[in-house]
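Each of the two complexes below includes subunit A, the first together with subunit B, the second together with subunit C.
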Partner chain A sequence: MKKYISIFSITLQEYFTYRLNMLMWRIRQIFVFLIPFFIWRAVLGGGGDLYGYDFAAIMTYLFGTTILRSLVMGSRTVDLGWMINSGYLTIPLMRPLGIFRFLLTRDLADKLFNLSFILLEVPLIFLIFKPPVFLQSNPSAILLFVISLLLAALMYFFINIIFGSIGFWSRDVWAPRFLLMVILEFATGAMFPLDMLPTIWQNIMLMTPFPYLLYVPLKIYLASDPNLYLHLGIQLVWTIILFLFTRFIWQKGILRYEAEGR
Partner chain B sequence: MKLKADRIKSYWRVWLRLTLQQFQTQISNARGAALLFIFGKLFRLATAFLLIYLIVGRAKLIAGYELPQAIFILALFNLNSSITQLFMRGIYVFRQKIVDGTFDFYLLNPLSELFYSLFSYTDPMDLLLFIPYLGITIWAGIGTGFAFTLPLIILIIITLILAEIMIISWHIVMMGIGIRYLEVDNTIMLYRDLEKMAAFPINMYGRLGSIFLTYIFPFALMATIPANLVFGLFNPWSLLGFAVLAILELKLALRFWHNSLLTYSSASS
Partner chain C sequence: MHTIIADNLSKVYQVQQKRQGLAGSLKDLFLPKYQDKTAVNNVSFVIDEGELVGFIGPNGAGKTTSLKMLSGLLHPSSGVVKVLGFDPWHRDYDFLRSISLVMGQKNQLWWDLPAIESFNLARDIYGIKDVEYKKNLSSLVEMLEIGDALNVQVRKLSLGQRMKAELVAALIHSPKILFLDEPTIGLDVLMQQAVRNFIKDYNASHDGAIILTSHYMEDVKELCKRVIIINEGNIIYDGLLSEVITKFSSHKIIEIILENGEIKTQKVLRAKVPEVAFSVNIKEIAIEEVIRSVFVGK
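And then the complex of A and B:
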C-alpha cells in the first residue's frame, strides 16, 4: 500500500513542477463552461424553455457536466499509448507493482487534484456568472448518483486502457484518441443533454457506453431519469464488459511489447 | 525588390519541401490515422451544426440571428480556423523543440527562426479538408439568401487576411511565452478554447465580451464580422481601423518575440 501512496504523491508533485502549465490548464477548465453558458443565456436567458429545459435546468446540467468532466474524465491513463511507444512502460512493468493498480493510482491522484481545484473554481464560476443551479437534497438520489459516478470513472479508466493499448499494435495512438475525444464530446452529453435528440437517437446512444460517463450520472443527480434503475444496471453491465475487454486486450498486447526506445 | 522576391521564393520552396516531407511521412507511417483524423474532424463539425440546429431551429433566433445566418457564421469560423490549423501547426511541437534543443538549429538557419517554428509542420490532410470546408461555407452562404457580389467577396477575403495577421501575432506571443517559461501546450489550448467562442455570433457574449473578442483577440474577424458584411450589418470602412490594429498587434508580437529570444539560453543543447 505504501508504494501506491508514494506513486499517488509523486503524481501530484509532477503537476506542480510546471506551475504556469498547471495554471493554464485550470483556467481552461473554467473556459469550458463559458461557451455553453453564453449560448443558453442568449436563448433562454429571457425566460421560456427548450426541450423541457428552462435556463436554471440547463445551467445545472452544464455546471454538472463541467464538474463531472473533471472528476470522471480527469485521467493520467491517457498517456498509456505514449508510454508503450516510448518504452516508458518498461519502468512500471519492472517494478513490484500491479500495472492496473499503478495506472489507477495515478488516475486517483489526478482526480483528487481536480477535485481540490474544483472546490476553488466552483465558487469563482458562481461569483462571475451567477448560474441558477439546482442542488439535490434527496439522500437516495445523491447515493445513486455517487454509485453512478464511481462506475463512470471506472468505465473511463478502462476505455483509456483499451485505447492506449492500441500502442502495442500501432505507433499511431494519437489519431484514435482524437477520434475518441470527438465522439466523447458529443456522445457523453457534454455538448448538450442527449434528451434533446429525437427518441430513436437517444435510444441508440444509450446502447453505447458513452452516455453513462456524464449524461446518465447527471440525470440521476437531477432525479429526472425515468429509467433510473435500468440505466444504472446497464452502466454496471458496461463496466463489467469494459473490464473484461481491457483485460483481454492487455493480455494480448503485452505479449507484443518490445520495450522499444529503452 | 528582386532580393525580396528571391527571399519569398526561398521561403516558398522550403515550405513546399517541408510540407511534401510531412506528406511522405504520413503516407509511409499512418495512412489509417490520417483517415481517422479526417473522419474525426468532419464528425466534430457535424455535431457543431447539430447543436446549432437543435438550439436555433427551435428557438428561431440566437442573438438576433436566424438559423441560416448562425450556420453561416459557424461555417465561416470553421473555414478560418482550419486555415490557422493548416499553416500554424508548428506551435504544437514548439515546446518540445525548445526542451530538446532543436530550436538551436532554427536559429542557425539562414531563414527566419519564426518561419520554421510556426510554419514547418503543415498538415497536408488539413489541406484536403479545406476543400469540403470551403464547399460547406459556400453552401451555408447561399442558404442565408443574401447576394454575394464580387466587392463583397473581396471584402470578406480582406477581413479573413486581417484576422490571420492577428492570429499569427497571437501565435508569435505564445511562442515567446514558450521560450521564456517553457509553457506552450496549455496556452495554445486555452487560446483554442477562446477561439471556439467565435463559432457563434460575438454579440452573444455581452458588451464586454464582444469588445474583448473583437479588439484584443481577432475572433470577431474570423466569422461574425465577415458574416455581418454579408448581412449588411457592418460598415466596410471600419476594416481600416482593424488593419491598423492588426499591424500594431503584429509589431508588438514581433517585439515580444525578439525580447524573448534574448532570454533563450539554449540550455538543452
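And then the complex of A and C:
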C-alpha cells in the first residue's frame, strides 16, 4: 500500500513544478463552464423553457456537470498510448507494481488535485454567476450518487486503458483519442442534458456507456431519474464489461510490447 | 543451478514495410505489408553466480532485445528463459525485486523532481527497510560521488551525473542480477572510467550476476572475463575474452625494431610464426580490429 501512497504523492508533487501550466489548466476549466453558460443564457436567459428546462434548471445541470467532469474525467491514464509508444511503460513494468493499480493511483492523484481546486473555483463561479444550486439532502440519494460516481470514474479509467492500448498495435493513438473526446463531449451529456433528445435517441444513448459518465450520476444526484435503479444496473454491467474487455485487450497487447526507444 | 538460463530463445518482430513514394504510401494505408524480422534467433547460453558477462555485437545485433527478454519486458517468440528460477515474463514481484535493468539511453528518474525523490519512491516501491535504505544509499552515493547532486532537479544534472543517479535508482534495492545496456554511452572518458570502476566494485561486493552490453571495447576489456558475441541475432562466440583473438584471427603481428629505432611490422599466419624469435616482439592484433573483421564477415 505504501508504494501507491508514494506514487500518489510524487504525482502531485510533479504537478506543482509547473505553476503556469497549473494556472492555465484551471482557467481552461472555468471556460469549460463559461462557454455553455453564455450559450444557454442567450437561448433561455429571457425566460421560457426548452424541453422542460428553464434557465435555472439548465444552469444547475451545467454547474453539476462541470464539477462531475473534473472528478470523473480527471485522469492521467490518457497518456497511456504515449507511454507505450515511447517506451516509458518500461519503468512501471520493471518495478514490483500492479500496472493497473499504478495507473489508477495516478488517476486518483489527478482527481484529488482537481477536487481541491474545485473547492476554490466553485464558490467563485457561484458568486459571479449565481447559478441556482441544488443541494441534495436525502442520504439515500447521496449514497446512490456516490456509487454511480465511483462506477463512472472506473468506467472512464477502463475506457482510457482500452484506447491507450491501441498503442500496442499502432502508432496512431491520437486520432482515436480525438474521436473519443468528441463523442464524450456530447454523449456524456456534458453540453446539454440528454433528456432534451427525442425519447428514441435517449434510449439508444443509454445503451452506450457514455451517458453513465456524467449524465446519469448527475440525474441521480438531482433525484430526477425515474429509472434510477435500471440505470445503476446498466452502469454496473457496463463497468464489468469494460473491465473484462480492458483485461482482455491488455493481455493481448502487452505480448506485443516492444519497449522501443528504451 | 545456473543463475540465468536461455534455451533456444527467439524474438521475431513484425515490421511494416514502407513502399516508396506517395503512391506507395497510399497503398500502405489500405494494404500494409508486414515482414517478420528475427531480432534474436535460437540463442542459448547459461550464466552462473558471480559472473560478469559482456554482450557484444554491432547495432541491431539483438543485444538489447536479449536483455529485454531476460528482464521480462518482452515476450519471447519461442524458447525458454529462466532467471533465478523465475520465468521473467510473469514479472513476479520477487523476481522484479531481484533484478535491475539499466538502459544508458533513457532514464527512469522523475525528470522534474530532485533525484532524491526518485530514490525515496524506489524505497517505497521495493519496500526497502529504512536502515537498509540509508546504508545502501550512502554507500552508492559514496561510490559514485554524487552527494552534491541529490537535491538538484534531475533535468538540471549533467549527463554524467544523471547516469550515476540512474545507477543509484537502479541499484538501491541491491538487485542480484543486473542488466546493463550501454551504461557508459555518451559519457566522457573520466566518467566512463568511474562507472566502470563502480560496476567492478559492485560485482565484487554483491552476489549474483551482471550482463553488460557496450560499444566501448574498453568497458568489455576491463570488466568482462567472458563475452558473448552476437551478430544478426545469432551467437557467434561464447567464451573467454582472452580467447577471442586466437579463435577469430588467423594472423599474428611480428614487430621488428631496426637499429635506427624504426619499427617494421608484418602480419604473419599464426601457424607460421616461429616458436622462439630472438629480439622480436610478437603481438596480437587489437581486439577491436578482430571483432570488426568478424562482423565484416572475414
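Rule of thumb we're sticking to: the second predicted complex is superposed on the first by the 262 of 262 C-alpha atoms of A that agree within 3 Å, B and C clash if a C-alpha of one lies under 4 Å from a C-alpha of the other, contacts with A are read in each partner's own complex, and residues count from 1 in each chain.
The criterion applied here is as follows: a contact is a pair of C-beta atoms (placed from the backbone, for glycine too) under 8 Å apart; a residue touches a chain by one contact, two chains touch by 3 or more.
Everything numeric in this text was worked out from a predicted model, so none of it was measured.
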Looking at the overlay, what does A:179 touch: subunit B (first), subunit C (second), both, or neither? first
Using the superposition on chain A described above, determine whether A:232 touches subunit B (first), subunit C (second), both, or neither. neither
After lining up the shared chain so the two structures overlap, which partner does A:191 touch, if you call subunit B first and subunit C second: first, second, both or neither? first
Between subunit B (first) and subunit C (second), which does A:206 come into contact with in this model arrangement: first, second, both, or neither? neither
First (subunit B), second (subunit C), both or neither: which does A:96 touch? second
Once the shared chain is lined up, is A:159 touching subunit B (first), subunit C (second), both, or neither of them? neither
If we overlay the two complexes on their shared chain A, which of subunit B and subunit C does A:20 touch? Say first, second, both or neither. first
Just checking: does A:43 make contact with subunit B only, subunit C only, both, or neither of them? Give me first, second, both or neither. first
When the two structures are laid over each other on chain A, which of subunit B and subunit C touches more residues of subunit A? B
Could you give the residue numbers on subunit A that contact subunit B in one complex and subunit C in the other? 18
Please name which positions on subunit A make contact with subunit C in the complex. 2-3, 5-7, 10, 13-14, 17-18, 87, 90-91, 93-97, 254-255, 257-259, 261-262
Note: in the complex, subunit B contacts subunit A through residues 29-30, 32-34, 36-37, 39-41, 43-44, 47, 51, 54-56, 58-59, 62-63, 181-183, 185-187, 189-190, 193-194, 196-197, 199-200, 204-206, 209
In the complex with subunit A, residue positions of subunit C that touch it: 13, 68, 71-75, 91, 93, 96-97, 99-101, 103, 105-106, 108, 110, 112-113, 117, 120-122, 124-127
Which subunit A residues qualify as touching subunit B in the complex? 18, 20-21, 24-25, 27-28, 31-32, 34-35, 38-44, 50-51, 170-172, 174-176, 178-179, 181-183, 185-186, 191-192, 196-197
